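Some structures are shown below for you to check.
After this come two complexes, each holding chain A, first together with chain B and then together with chain C.
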Partner chain A sequence: MNALRIPAALTSLEDVAHFCQSLAERAGLSTDAAYRLRLATDELATNVVMHGYRGGEGELRLAGGMDEDTVWIRLEDDAPPFDPGAGCRPPQPDVPLAQRGIGGLGIHLALTSLDDFSHRYTDGHNSCTLVIRRHRPRRRPE
Partner chain B sequence: MTVEVRSREQDGVTVVELDGEITSVTSGELQQRLLPLIGRSSTTVIDLTQVPYISSAGLRTLLLVHRRALREATSTILVGLSEEVRFVMSSTGFLNFFDVRESASSVLGAVRE
Partner chain C sequence: MALSVTVTTSTDTATINLIGELDAASAPAFHDTIEQAAAAGVTHVVIQAHELTYMASAGLRSLVFARQKMGDEVRITVAGPSAPVARTIRQAGFDRSVTLVDE
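Entry: the complex of A and B
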């Protein structure tokens, strides 16, 4: 397992990307699975920076590891309680793109990319657990 | 970290090659450089061959490109999408709203005919 503590700022997101890529490499994830792990972590971390702390100061804590079947990342922050899995609406395919709002797309992408996701809020911390399966090939949406 | 933007006019088409990862860190500067290029020709080809990663920030950039093109009454064609970029666009319903083709050369050939 390895861990990372960084200020909640957009510039820290490159560290988040490196953290995911190095974990994916050690786990021997496929290109597709490695992309999804990074994308989900990137989107959820970006959301904490932009909306969780509302542009103010704060900290992001990442921990990552793997077992036989899965690779996981735990993302923690001290922003107000927010469960990304609650109330996330899928994009509306019938609404023309020019008229769509862009909000919520990142969280939708994160949750679509992962094989499992959970959130809990305890002792003033949000804790999200992001899980990608190591071996099972995943069907892509058409 | 930035996304390089290289554009050229060829056969009445504006070809814009992007090079780099489109993230919440890089997308702001990319938009400033990319949007003014939309509307210079009746067709803009955006080549994503050298874009290994896009997040929702990249989708937001593409949405702004789409709106600008509608306003200018020009068409936009995306080429060189990797499997992963395609996944990001298809799982958010963006893929159906863009004309997506294999490569810039295939578009230019078709336009010439």
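Entry: the complex of A and C
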């Protein structure tokens, strides 16, 4: 298992990217799966920085690991309770781009990039678990 | 990895060249070039994305900003995005408002 504690700031996003890339490499993830893991972690971390702590000071804690089937990252913060999975609205492709609301896009991208996601809030901490499958499910023979 | 953004403007076209990674930290630089393109009053904006290796939702927000800033009569093209960047644009349904030229 691997862990990282960083200040909740946009300048930390590069560390988040390196953390994801190194974990993906160790797990032997495909380029596509590695990209999705990084995108999801980046978006959720960005959301904590911009909205969770509302631009104020705070800390982000990342832990990562893998088992036979999955690679996971746990993202923790001490911001007010927020479940990214609750009330996430899909984009509105029929609304012209100039009239779109732009909230929630990052969370939508994050959640659709992952194979599994969960959130819990305990003892003053948000804890999100992001999961990517290491291998695409194989097709059963006909 | 940082983002390198350059913009060149001809009479009717602004070409924005993006190299590297576009995330929430680097998006403001992209925003600035969109302001420049809008101020130049061009009718076509070409975003060269061949060497854009990563794009987060901050990049999508920049595209929304470009559309809002320039209006519907200006054509916005994203040229040569990698498969995951193109997927992100499509996932958000933005391929209806900007022209995607995959290669």
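Things worth noting here:
Throughout what follows, the second predicted complex is superposed on the first by the 136 of 142 C-alpha atoms of A that agree within 3 Å, B and C clash if a C-alpha of one lies under 4 Å from a C-alpha of the other, contacts with A are read in each partner's own complex, and residues count from 1 in each chain.
Here is the rule we go by: contacts are C-beta pairs under 8 Å (C-beta built on N, C-alpha and C of every residue); 3 or more make two chains touch, one makes a residue touch a chain.
Source: prediction; values computed, not measured.
By the document's definition of touching, neither partner reaches A:R74: not chain B, not chain C. Of the two partner chains placed by the overlay, chain B and chain C both lie in contact with A:L13. By the touch criterion defined above, A:R38 reaches both chain B and chain C.
In the superposition on chain A, contact of A:R133 is made with neither chain B nor chain C. Looking at the shared chain after the overlay, A:H51 reaches neither chain B nor chain C. After overlaying the two complexes on the shared chain, residue contacts for A:L109 are found with chain B and with chain C alike. Look at A:R61: by the touch rule set out above, it reaches neither chain B nor chain C.
On chain A, the patch touched by chain B and the patch touched by chain C overlap at residues 10-11, 13-14, 17, 32, 35-36, 38-39, 42-43, 46, 50, 91-93, 96-98, 100, 102, 105-106, 108-109, 112.
Every residue of chain C that touches chain A in the complex is listed here, in rising order: 1, 21, 23-25, 54, 56-58, 60-61, 63-64, 67-68, 71-72, 83-84, 88, 91-94, 96-98. Within the complex, the chain A residues that touch chain B are 10-11, 13-14, 17, 31-32, 35-36, 38-39, 42-43, 46, 50, 91-93, 96-98, 100, 102, 105-106, 108-109, 112-113, 140-142.
Within the complex formed with chain C, the residues of chain A that make contact are 10-11, 13-14, 17, 32, 35-36, 38-39, 42-43, 46, 49-50, 91-94, 96-98, 100, 102, 105-106, 108-109, 112.
Chain B meets chain A in the complex at residues 1, 23-25, 53, 55-57, 59-60, 63, 66-67, 70, 83-84, 87-88, 90-94, 96-97.
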